[in-house]
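Chain nomenclature is as follows: A, B and C, assigned in order of appearance, with residue numbering initiated at 1 for each chain independently.
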Amino acid sequence: MRFSPVPRGAHFFELFTESAAHLLTGAGLLARILGADRTERAELASQLGDAEHAADEVAHQVFTALAQTFVTPFDREDMYHLTTSLDDCMDAMDEAGELIVLYKLGGLPAGVGDLVALLQRCAELTHEAMPRLRSFDGLPEYWIEINRLENQADRVYRRVLAGLFEDGADPLTVIKVKGVVDALEAAADSFEKLANGVQTIVLKES
Amino acid sequence: MRFSPVPRGAHFFELFTESAAHLLTGAGLLARILGADRTERAELASQLGDAEHAADEVAHQVFTALAQTFVTPFDREDMYHLTTSLDDCMDAMDEAGELIVLYKLGGLPAGVGDLVALLQRCAELTHEAMPRLRSFDGLPEYWIEINRLENQADRVYRRVLAGLFEDGADPLTVIKVKGVVDALEAAADSFEKLANGVQTIVLKES
Amino acid sequence: MRFSPVPRGAHFFELFTESAAHLLTGAGLLARILGADRTERAELASQLGDAEHAADEVAHQVFTALAQTFVTPFDREDMYHLTTSLDDCMDAMDEAGELIVLYKLGGLPAGVGDLVALLQRCAELTHEAMPRLRSFDGLPEYWIEINRLENQADRVYRRVLAGLFEDGADPLTVIKVKGVVDALEAAADSFEKLANGVQTIVLKES
């Protein structure tokens, strides 16, 4: 099913790695947004938006290359899946950052910082894994760890959600903060889907 | 990768155009719902539901034809993608109309009318673009304009959302109106995904 | 397009049936959660979580088998679609159960019980249909009935939603119960997508 390595493949791996670099930038900006005051937050969210646009550009380059390349390094639908998953990670992080600014939120529950720290770790691992699609070295460690981090994010998410509704909670604040943590949880899910996509590729080739 | 044009292709283009005609009807009904009183709204939402059912029927015909046709005019997965995107546009607009009636909403923020006007424009452009899948004439203009409209819808959506939570907002009204504008924003997203699908087809063939 | 039946196919049908058995267990647990008190609910939701994990394991086995099998009984993407739809049904039901416990909800509107009863019926029909992918016997009856049940679930969902917002509703309770019924409605949608996937397979083969 797999053709022998083609030089053209190199181009795709570089694009995936570039896309993951934007995720790393994005997750870092999200962490800084949490600690910043309102003026800084707007500026940081605008930088996060720039990272999102840059990632969009890369996704567009991959789609164009996929449409115009006859022999792709892996099955076309798996390449497509990786690209949209990378995009989904970025979109969800960008949405979280935007909502924090849009809703003029003040301090956020501690669990929100924990979720963002988990996303930063996911972004690091993903950024390290993408160039290894060339050799397949160390990829199982990557997807096992992402799955572990996503489970952890899920537990933190539920803890934050339960805490949100505690006695005396203001309904409008609940809606706003829930919007932010839902977006963070969606980002963790997308990192997991991306890792599952990498696993599918490795399974097919082995 | 592409087979020479087959007469059978004509059938698919007609179905896509028919589906887009239902979108145009749906977006028009949505605009009328905004300006109507409660009794009229229920009647218009029911007509919107009929348009949704009719579009569903067309999607079903496409899926049946795809399953039974050996040579499709474009890659099978791209045809499938177009069909589900057309369906998603309709579902989201129908949901918005239903929620307005179900929640017995009165006047809606001005931005809601702006969003619906943008969707009407998207539906017009989509309806004009579908028959041009035959010749590929003017398709880049179509997808560039849809992307521009979606960006505009995104800005309007965020403005409406920020406005919703302003001083003295009633939480239940916020939940209801947010449900409606979330559905409108999802419709704009689906129009963009549809346009991206058309772009993929053109890229593959050129 | 179809290769002659291969013994390997049997393995896939057994996995789909096993996955559907977990759906049946899950829907039953969900029904018991509604009638239970808080202590029992936590225990039942934990069993529901176990069923979800078990279903996840099965999905993983299908993906591994798909990646490693050269000739699959049906088109690869249709097998993939069935597997993710089965998974989506389970995830949505598990989410509903978890939220009931997490939000410490007391009694739920009557319509919630109706929705769960509809999901139980969907799970039964799905469990009966999966082994019949071997012979195709009685599959149209299955997907027609699922479509009917999904339409019914949609009407119940809207009735519950409208009722939720009635005079004197507490916004936090609205957010919580809406989270639960949104998850139940998503489960019904996923059962319908699964049935549509089965229909696609049958259309392709006939």
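Assume contacts are C-beta pairs under 8 Å (C-beta built on N, C-alpha and C of every residue); 3 or more make two chains touch, one makes a residue touch a chain.
As the structure is a prediction and not an experimental result, all values here were calculated from the model.
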The assertion on subunit A/subunit C checks that the Cα superposition rotation, as a multiple of 5 degrees, is 120
Given over half shared residue numbers means same and under half means different, the subunit A/subunit B interface is different
Roughly how far is subunit A from subunit B, centre to centre by C-alpha average, rounded to an integer in Å? 27
Please output the residue numbers of subunit A that touch at least 2 other chains, ranges allowed. 77, 171, 175
Mind listing the subunit C positions that touch subunit A in their complex? 63-64, 67-68, 70, 77, 98, 102-103, 171-172, 175-176
Contact footprint of subunit B on subunit C as seen in their complex: 1, 77, 158, 161-162, 165, 169, 171, 174-175, 178, 196, 200, 203-204
